[in-house]
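Heads up, the next two complexes both have chain A, just with different partners, chain B and then chain C.
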Partner chain A sequence: MKKIEAIIKPFKLEEVKDGLSRMGVKGMTVTEVKGFGRQRGHKEVYRGAEYQVDFVPKVKIEVILDSKLVPQAIALIQEKARTGKIGDGKIFVIPVEEVVRIRTGETGKEAI
Partner chain B sequence: MNTGDTAFVLVSSALVMLMTPGLALFYGGMARNKNVLGTLMQSFIMLGIITVEWVLWGYSMAFGPDHGGIIGGLNWFGLKGVGMEPSAVYGPTIPHMVFMVFQCMFAIITPALITGAFAERIKFSAFMLFSILWATLVYNPLAHWVWGVGGWLGKMGALDFAGGTVVHISSGISALAAAIIVGKRRGYGTVPFIPHNLPMTVTGAGLLWFGWFGFNAGSALASNGLAANAFVVTHVASATAALSWIILEWLHRGKPTTLGAASGAVAGLVAITPGSGFVGPVAALIIGALVSVICYGGIMLKSKLGYDDSLDVFGIHGLGGTWGALATGLFASKLINPNGANGLFFGNPGQLWTQFLAVAVTWIFAFVMTSIILKVVDVIVGLRVTDEDEERGLDISQHNETGYSVS
Partner chain C sequence: MEYSAAQLKTSRQQLITLFTDGLNTKSFPEENTALIDQYFQDSLPESHVGRTLLQQGIPFAFIALGGYGRRELCLHSDIDTLLLFGKKVPSQAKTLVQEILFPLWDLGLDLGYGTRTIKDCLRIAKIDFEVLTSLLDARFIGGEYPLYLDLIEKLYKKVVTKKARDLHRWLAEQDKKRLETFGDSSYLLEPNLKEGIGGLRDYHHMLWLAKASFGPRETHEQAFRARLSYQEYQDLRQHVSFLLNIRNHLHLRSLRKNDRLTFEDQEEIANRLGLRDKKTSLAAEQFNELVHATMAALKSLSRSFIGGLFATKKKRSKIRQMPLVPRGLVVDGGELCFDTVRTIIKNPSLLMIIFEHGALLGYALSLEARRIIREFLYLVDDSFRRSKTIINSFIKIVTQSNCAFETLSQMMEIGFLDSFIPEFGRIHNRVEFDAYHIYPVGIHSLQTIRYLKSLTEEKDILLRDLFVELQHPERLFLAGLFHDIGKIGSDHARRGTKITKNILKRFGLTDDAIEDICFLVRSHLLLAETATRRDLNDEKVIVQCARMIGSLERLKLLYLLTWADSRATGPKAWNDWIANLISELFFKVLHIMESKELATQDALSRVEHVKAEVHKKVGPIIERQDLENSFELMPPRYLLNTHPRKIVQHLGMAESLKAKKQANETKSGGHAGDEVFIFESREDKKGNCWEITIVAIDRPGLFANMAGVLALNAINILSADIYTWRDGTAVDVLRTTNPLDGLFVQEKWAKVKEDLKNVLAGRLSLESSVGNEETPRSPTGLKKLARKPTVIVDNESSDFFTIIEVYSHDHVVLLYRITHTLFDLGLDIHSARIAAAADQVVDVFYVRDLEGQKIEDVGRVKEIKRILLKQLKPL
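The block that comes next holds the complex of A and B.
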């Protein structure tokens, strides 16, 4: 089992979610986050004073998957979240040791 | 007594009352998340502090029987003798109590205006003590000098229809003194101080604009043509200033902003206040158009001079009020108000000089007195919260509350 963490542009969330759902992913967790990479930030102006805002709003998607599905999911997220401009985000893949469904006590792949 | 006048001034009093919560929102939105309640509170609780002060000794000091043009006596302490009959000298067609409560609302919002200068760092106890002392030692005498029968600035012929000197210059200059004495916020110049909720600020500006009709038109103390003139020029100046402010920043920084529109609207309201009963609509257009240039320029200068007037009270009320008082000396016309005077453009250059003197006196008096009061408060309770409390924010450290929670 793996966890895919994808940091993407917020307005791409719907497309990515729909794509993953069609692929058979049954759940995901989404968080509004802020961060920066090569895109850096933007400037904001309040009463004529300029501020450099380094942290850009992004969305983080977390999905747990059977390892076999990972390459397909990565390809899909990459396809759906890509604009080709700087700041499209990143995808991380992390091993997952155990999953437990709290209601039933199922574990492992059954609990995903 | 006139029922129309009484109804109008009662409603105007309620409108002016609403300006203080409006100001709380205007300021609260500009503060950071962790200081939203602390900032709202410093305006809102003024309704409590000053009302009590006003009933006990404030009204009597400001409007009571004159002593040497300097101060009113305490004959009306606890509103003794301030009843349902009209006063002999203030608002002859409305109950004396109505005049008193209308003035009470002005006394409330004035110290609340100052709080934007020391937002996000003053101790609540110090703020309370400062507000009571400032109301007693700065506002009451000044209100007497300008509006009290026998007050020396009023006798000199200075025109101030609704509070340019008494309310806006006094609070704006006191704000400058407070920003200097209280000192900068931690992280000033390195951490970005970004407004946390501009929708709140724009809502507040809207309430201020609405309430200001009571402030200026109500100052006619009668439901008449002069009130109508004040109402119209108030609206015109605010509208023009909102527009000129966003055009200015569009040219200067590339984008028109909502904070700019809100700031401009308030600056326009400030600038028209002293002249609202003496100038006409065309003058209001000019006063509104130019106030943005003056205030925007002043705010630009702030970063060069290095004081931390957090929410630009000096920039908007100090400078906008000064422009308004001087502009009254330019554009005032006896055609608008036969009880007023003509200004420079109506053949009376002397009026501009009188206005200048009133402005200078207010600047000096407010700056010196506020500085002394703050030094005294600092000795008694200490002005600033601790560094750690400032980092945690005033909401938690001063009030044991938070404005927003996750769930």
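The block that comes next holds the complex of A and C.
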């Protein structure tokens, strides 16, 4: 099992979400996040006053998947979240040791 | 005892069955109480200890406290009892408790009990008001009645009369705590039926204070009738009964004591109450409206009831008050009231004037005034609603008073707002059934105004500055009040625009004001939706947004309304994250508007004209929708600066390009050749020059290659417009001098085309082929004193591109050298305007780096300037 963490542009969320559910991904966690990578924040000036924007708003999605599905999911996120411009985001893949469904106590793939 | 307990168990089961069948919903709490009472009455005579105590002359009494005392037992309510003794608690008390009370525990009831003497009770009640209030609800169940009477008499004489004011204060503090912990349930979407503001607790507070100030009455009714009108008392009974009924459903559903009405509960209880989904609202939404209306009414009743009790009479300072209050109104203890009722009938506008003065002076209306307004609501008729002076008073309240929120809330509570603006009545208690909106529409609209009013003290200086700059802040407030008035179905912004227009016409506002406010209502979601759903790095998105908004003033209004509306919706609708996105959009739209290039009214009408012309020309060939899709691809500058005839030509060429690319793909087995292009040349006799058009798949260096091929063939570029459509189609239009060899022109263009093909396919290197000869680009041939070449890198004018302006004298390979250098520097030319006048060239390039980002790094900008200038040095 793997966890895919993807940081994407906010307006791409719907497309990525729809794509993943069509692929059969049953659940995901979505968080509104802020940060910066190569795309930095910037400064706005209005009537002499400065408004610093330090971080860029992004959306983080987290999905736990069977390892076999990972390449397909990565390809899909990459396709859907791409605009070709800076700030399209990153995808991380992390190994997951165990999953437990709290209600039933099921573990492993069953619990995803 | 066992028999009585078994009896209780069976009858309780029957009671629950009746309730689930919906047969005794109203009377359940009382019947449930009666069952427990019955148990005590049955089991007491059977009790051995009880009989012994009586024989020994030790009196005792079982007394119901709290909710049990009030006969309000829901299914899983706590049952609080007191075993009362006269002077001393005898040793047998414990056994008595075991005999009588333990079987109730065995039945699974939540029983609480205390064994105390009268003295104990009084002592604790004096210091612990929780105990005092539970004793105020005391009711005799069994044992010696005189003992009970003794307790009550002493309680009132020794505790209540002395502590009434303290109790009043304590309850007010409890209210504050409740508000902090449970929130105002008359607004919240998952209200707490008991402890939330507007919940059953409000009624309990009324009850306790009524008893504390009017003495021990046997029935609630008498206590209340002293301060409530008949109708108000009936309403109160109904609200309490409704809430108890829901609470009972909630207990039944959650199998335990529970007062918080969650979303899932709401859906099911709504169905149990017989509400069904309708076209305009879900059953759960209707249910929610009912609950909120009930809790708001209960809150209002209890506030006015309690507010009047123990009021400290302030001394009237007549001198200060006289000039402030108009005739027909009086100020009493910081509250406004009517002088006499008769004046209202003569002058109904007083109904509005009292609010107006309340708002201006910051005074609340007295309970009596509220009651009077409610009774005289029938005077708010069509002529009242159309009266100029009354409307002006209302607008003044909304736009000028700092207490607009408080005054409008009072208007809403009393029902006056719904009468004055009937359109408002339809949305007042309307609830969005989701986790996003935490307030019903009515209160949300007022909250929006509250946030707008706070703008003058807002910490965010941008918001404050924008607000201060507004030419017509009053339009913002009215838009805040009406922005959600269309929430009676889908597409509420559009629906609301129509409704708002009618209201404002009735109000007699100027056309200009009506247009602005209607615009705000119609577009109040535009910024939030664009910011979260569209690509803000796409210039076209911003330009379209700017065109829809139209003016700076409207942009500011809309930004402020978006802020207030989101804040008033709930914490999920507004946070730093969304704030960042919306302010980014705001600034980008602002910059587009300030640049006065793409989003002016003039630009808008020109683009519309161009689109219409193109449609006329290709109408029969291309479907309207396909054409619209193609327009979507074209950048704003292209649509603005290109003749419709040319656009038609380019559309045709783009079509051919697609076909050619597809053919290539099939030929080469899926591998697309990016080097395909469509080339057209035609003579412009009037201008004595040639116009060549190249449509190709954009890639870095494309334009440099073209310029190079033309230089190779000794053809001068006079001017050029290059654009990249959003699908990556490059459309380049170049005007050139006539080829030197006038006889074999077509052959010459064929060679140019062939050269370009070879260059793009990588078979011909321009680097080595293009000479460095300094042939003047303009045909005058005369070389004037060369102006020093200049390069300006402009990052201010556009949020999307770095603009590089090159001023230099002219020679034939110059353009190739500049564009090739830009390519070497890793810059992608998105669009460009090349113009040569006499021997002076001005080339403007809109560029981004290969990742689509502007070049803002200072070092990088310096480097670009340096290298370009080196290339521009006369050879």
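Quick note on the criterion: the second predicted complex is superposed on the first by the 106 of 112 C-alpha atoms of A that agree within 3 Å, B and C clash if a C-alpha of one lies under 4 Å from a C-alpha of the other, contacts with A are read in each partner's own complex, and residues count from 1 in each chain.
Please note the rule applied: a residue touches a chain if its C-beta (ideal position, glycine included) is under 8 Å from a C-beta of that chain, and two chains touch if they have at least 3 such contacts.
Every value quoted in this text rests on a predicted model; they were computed, and no experiment measured them.
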item: Contacts of A:71 with chain B and chain C, given as first, second, both or neither; value: neither
item: First (chain B), second (chain C), both or neither touched by A:10; value: second
item: First (chain B), second (chain C), both or neither touched by A:55; value: second
item: Chain B or chain C, by number of chain A residues touched; value: C
item: Contacts of A:46 with chain B and chain C, given as first, second, both or neither; value: both
item: Footprint overlap on chain A, where chain B in one structure and chain C in the other make contact; value: 44, 46-47, 49, 51, 53
item: Contact footprint of chain C on chain A as seen in their complex; value: 9-11, 14, 32-34, 38-39, 42, 44, 46-47, 49, 51, 53, 55-57, 83-87
item: Touch list for chain A against partner chain B, complex; value: 44-53
item: Of all residues in chain C, those that touch chain A in their complex; value: 461-462, 465, 532-537, 575-578, 580-581, 583-584, 587, 590, 851-853, 856
item: Chain B - residues contacting chain A, complex; value: 192, 194-195, 249, 252-255, 257, 259-260, 263, 296, 299-300, 303, 312
